[in-house]
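Here the chain labels run A, B, C and D in written order, and each chain numbers its own residues starting at 1.
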Amino acid sequence: MTVPAPLTGVVPPVCTPLTPDREVDVPSLLRLVGHLVEAGVHGLFLLGSTSEAAFLTDLQRRLVVETVVSHLGGQLPVLAGAIDMTTPRVLDHVREVTAAGAQAVVVTAPFYTRTHPAETARHFRRVAAASPVPVLAYDIPAAVHSKLPAALVLELAAEGVLAGLKDSSGDLAGFREVVTGARSRPDTAGFSLLTGSELIVDSALALGADGTVPGLANVDPHGYVRLYRLCRAGDWAEARAEQDRLCALFGMVGVGDPARMGGGSSALGAFKAALRLRGIIDCPATAEPQIPLSAEEVEQVGKFLAAAGLL
Amino acid sequence: MTVPAPLTGVVPPVCTPLTPDREVDVPSLLRLVGHLVEAGVHGLFLLGSTSEAAFLTDLQRRLVVETVVSHLGGQLPVLAGAIDMTTPRVLDHVREVTAAGAQAVVVTAPFYTRTHPAETARHFRRVAAASPVPVLAYDIPAAVHSKLPAALVLELAAEGVLAGLKDSSGDLAGFREVVTGARSRPDTAGFSLLTGSELIVDSALALGADGTVPGLANVDPHGYVRLYRLCRAGDWAEARAEQDRLCALFGMVGVGDPARMGGGSSALGAFKAALRLRGIIDCPATAEPQIPLSAEEVEQVGKFLAAAGLL
Amino acid sequence: MTVPAPLTGVVPPVCTPLTPDREVDVPSLLRLVGHLVEAGVHGLFLLGSTSEAAFLTDLQRRLVVETVVSHLGGQLPVLAGAIDMTTPRVLDHVREVTAAGAQAVVVTAPFYTRTHPAETARHFRRVAAASPVPVLAYDIPAAVHSKLPAALVLELAAEGVLAGLKDSSGDLAGFREVVTGARSRPDTAGFSLLTGSELIVDSALALGADGTVPGLANVDPHGYVRLYRLCRAGDWAEARAEQDRLCALFGMVGVGDPARMGGGSSALGAFKAALRLRGIIDCPATAEPQIPLSAEEVEQVGKFLAAAGLL
Amino acid sequence: MTVPAPLTGVVPPVCTPLTPDREVDVPSLLRLVGHLVEAGVHGLFLLGSTSEAAFLTDLQRRLVVETVVSHLGGQLPVLAGAIDMTTPRVLDHVREVTAAGAQAVVVTAPFYTRTHPAETARHFRRVAAASPVPVLAYDIPAAVHSKLPAALVLELAAEGVLAGLKDSSGDLAGFREVVTGARSRPDTAGFSLLTGSELIVDSALALGADGTVPGLANVDPHGYVRLYRLCRAGDWAEARAEQDRLCALFGMVGVGDPARMGGGSSALGAFKAALRLRGIIDCPATAEPQIPLSAEEVEQVGKFLAAAGLL
């Protein structure tokens, strides 16, 4: 199984269900994967930010990839994050996740260290040279505190260093520059243009994106698959209505009290609470040191599900 | 060997010499350690930012700690960084570095993830509960993009969660708040107050710090030991002259052309070039994706050494 | 003349032509206004960021508004920025620009001072209570270093404090939250939803924006009017083609050498150079301390114009 | 009266007392000035951040300078802030405050606009060329979102563009670089090196600063004058004790509830509440849109005063 070039459609960043002891809950993970596959998604992205990759140990990361890849048996392309601070550490993860069966890796700019564009370019070149599978860049300034310049992405695409971009920057104008640039040059044919901004998927597809990696698709994969098909069919009015419904559902990420927890604890807690309420996973635990939602906050998540017709 | 409470004196964050292939250069590492010990430093901090911990693989990190601990044979306290994004991953590093002999661990706030003070507090509490050795907090906002509030550090000190603070924030007023607070309450007795700001060590010691963790001490440990002794003796005029000499030497971190590389590549490249020029390590290579200094930039490093009387 | 509620269509932030001595060039300003009116724009926004409001003295600001308002004679709605640090200073500008004839004012969150959401809310409430004309919020985090939360904008809209939003944040998902929120509640009827992101105007209109305030419309107002009409007609394919042409033209903002100048000098310099090359204004000078474009950089601007069919 | 070169000693940034209607309270202002002069301060800095310059209208700014200058009759040097976004607007303030009698002006880097070091340099050069009095640079990254590089300050000092630096960056190592640089070159003789970091005045004086501009000196000018004299006498132990007492007193800036207000509202509210409690000003009002302290919060301010022996 190789990853299509370009990769198109809905590629959810798969949540990692945990047991109350914060171990990977394999049966729940397989149920979640089944739920996504049944909905018609076009690929799976393991070990992304929504997967709590930043919190998973190396053993847990490997277990997640092996579990999903062997379960899928090649039904769908599987991408895996190789999220770490710098080139040597990322390469260790690339080795692990490809040994476990990932068909492409997703890599951010360096972080923790001070980052210069020349160092970021060197990083992607070194990683791609050593990776046995295609490398997609993961542009996520909120996590790594630098933004991938459009010109750099296009240069690395043309060189064959990068096979695609997952844009989680929220900067649609910047993403458009990459999309338009990639469409206009022959040497970037097959480059995958994926948006991670789950609230403007219709906008991103309208301006030429190939697909989307929406965290909220864990909760409502059918909605995102429907949205994708409507966009591909050019039915923009219906697409906007579906996107608006998903935006309302996304409101669940704000249920956590900001005096008690950060936005990450709230958002990932809400996704997992929703998956539990929908009967897909057994336990809504998020990894340490995230703060759990209160019973009342979980109740609010239920209201978002009900309003979206998902309960 | 246990770490003194408080830990006092000069505790260099030890550079990690690499071979041209970017493997740990064990003979050079041992020569560097010998150079530091001979100068009279009071402890060693392995796997900090100056050690390129963010770039070292897990195997390399383990090798560094084992090499140095077994070489020292308990002569000096050895601290090791357990630098990773979140609690579960940090705990894996704590296990590794303590198994390898580290006598205390140094831990930052979570990074990559969005960070709320309540999550940071929970992080340190969880890490300390599981760590077999004392935990020092590493306040380094330039890397982790959050600042440890003084009140939180003092609270965790009083609870026995934290055994000390390595302050690399550059915010001396904030550090003073911790120092003054810790000095004024009985439940924080023995808490170690260390500054990582190598250019204001005299200032930090004057206001009550216990010691310092200066990256530049790799290059000139004798200077920092002399500075520490002058401060302890209350000879502030001589201390200031020595600090000014070290500040001038520190100018080497700016030799790298900012159009070609970031500040980290320049600073770590300069330290290693200086160690090579002084004959202590064999190869000035820094880890990927850092950009190497040019021959001309290395020549400038030599001029800084000469001006400081070190060549 | 009052401002329609909502204000719809293309409302360019009008450049302020200067003489070589950096005085307002009134004949050039009037030619520029004529050029915009002739293209069919739906309103004018004076004293915005693209107008160099941050650089104009109080006398120059007043002259600009008086000149344009008296020239237009009520043909088109005229909005004016009241850009300053805090409430009392903003209110002085509100008095000046409304005395000079502006029919609505555009106001940012406080800046220079540390800004808390409660202070931002109080600021808009105080300004609106004292303003004789409607107040639009100007969300421009790149300038003021805080982002207006969607919930706050909606709350102030429902209270009648704000008459509209000019969103220059680049965060289309956040803008959508305001658009969807405003559309779904009766107490925000007539609220004007304007995007300042000139590269994603089609996206913003598709998801429900009323209009746009594109800096690049100084250079090519006909293009933006065409784009607006295509979007309103639901001809999204043609709209996208027009938007893509405008995105390519926008590339001119990058002509300035980043080693010599900042992005503002480059962008405003390029707009004014383009207006000069098109024969609309006499002098491309930008206000101090901006760095002028070189002759070679101006030549590149000409190439962008030629490629877009504007020379 | 001209400003000494260098200016030395304690130069408080004078609070601007307001009436309940937020007009300048001239009698209170004169009492405050008298209180400062009586304590032995060495100069006054009007229209700084602590003076709420960002909130004062142009008329209020002028009134403050005229009032204080005419009252002092040349007893002490008077500096005034010319705080605005860019060169032309700053120059208008320079004209106003010097016409009103200020003997030097204090100017920040440009803000609101995007700022490149070359633009910042040009800004200071243009301002100094047009100013009839000496220009001091005001380094305040928390407000203007850029840091003045030490090398740039030294270059402008050597050119005669800048007569001094007020460093409110909190970065003592960076300040030291300027101090050491200025001390080591003949072409910067007379350059005034002032720290705005009121919690580390002893540290700054120890490493060579000429003086300090501490906001807290409004509340306790006698303390800062005593601290300055102890440092000048080389009595570092007593100086540290006095500084520690002032640090404890400074705790008052945190009395405001962070859920209700920002740090600025809290700090300026506390200073003014303290001045009222000490009987120096009539009304603790701060300018809009700052949030007033509650009665309970004011009570806490009183406890800080009592603990410092000031009630």
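Following the convention adopted for this analysis, a residue touches a chain if its C-beta (ideal position, glycine included) is under 8 Å from a C-beta of that chain, and two chains touch if they have at least 3 such contacts.
Because the structure is a prediction, the values reported are computed rather than measured.
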| item | value |
| --- | --- |
| Chain at maximum distance from subunit B, centres defined as averaged CA atoms | C |
| Separation of subunit B from subunit D, taking each centre as the mean of its C-alpha atoms, in whole Å | 35 |
| Subunit A and subunit D: spacing of chain centres that average the CA atoms, whole Å | 49 |
| Chain contact topology (line, ring, star, complete or other) | ring |
| Full enumeration of touching chain pairs | A-B, A-C, B-D, C-D |
| Complex contacts: residues of subunit B adjacent to subunit A | 22, 54-58, 60, 83, 85-89, 92, 110-116, 118-120, 122-123, 126, 142-145, 260-265, 287-291 |
| Sites on subunit C touched by subunit A in the complex | 170-173, 176-177, 180, 197, 199-200, 202-203, 206-207, 234, 236, 240, 243-244, 247-248 |
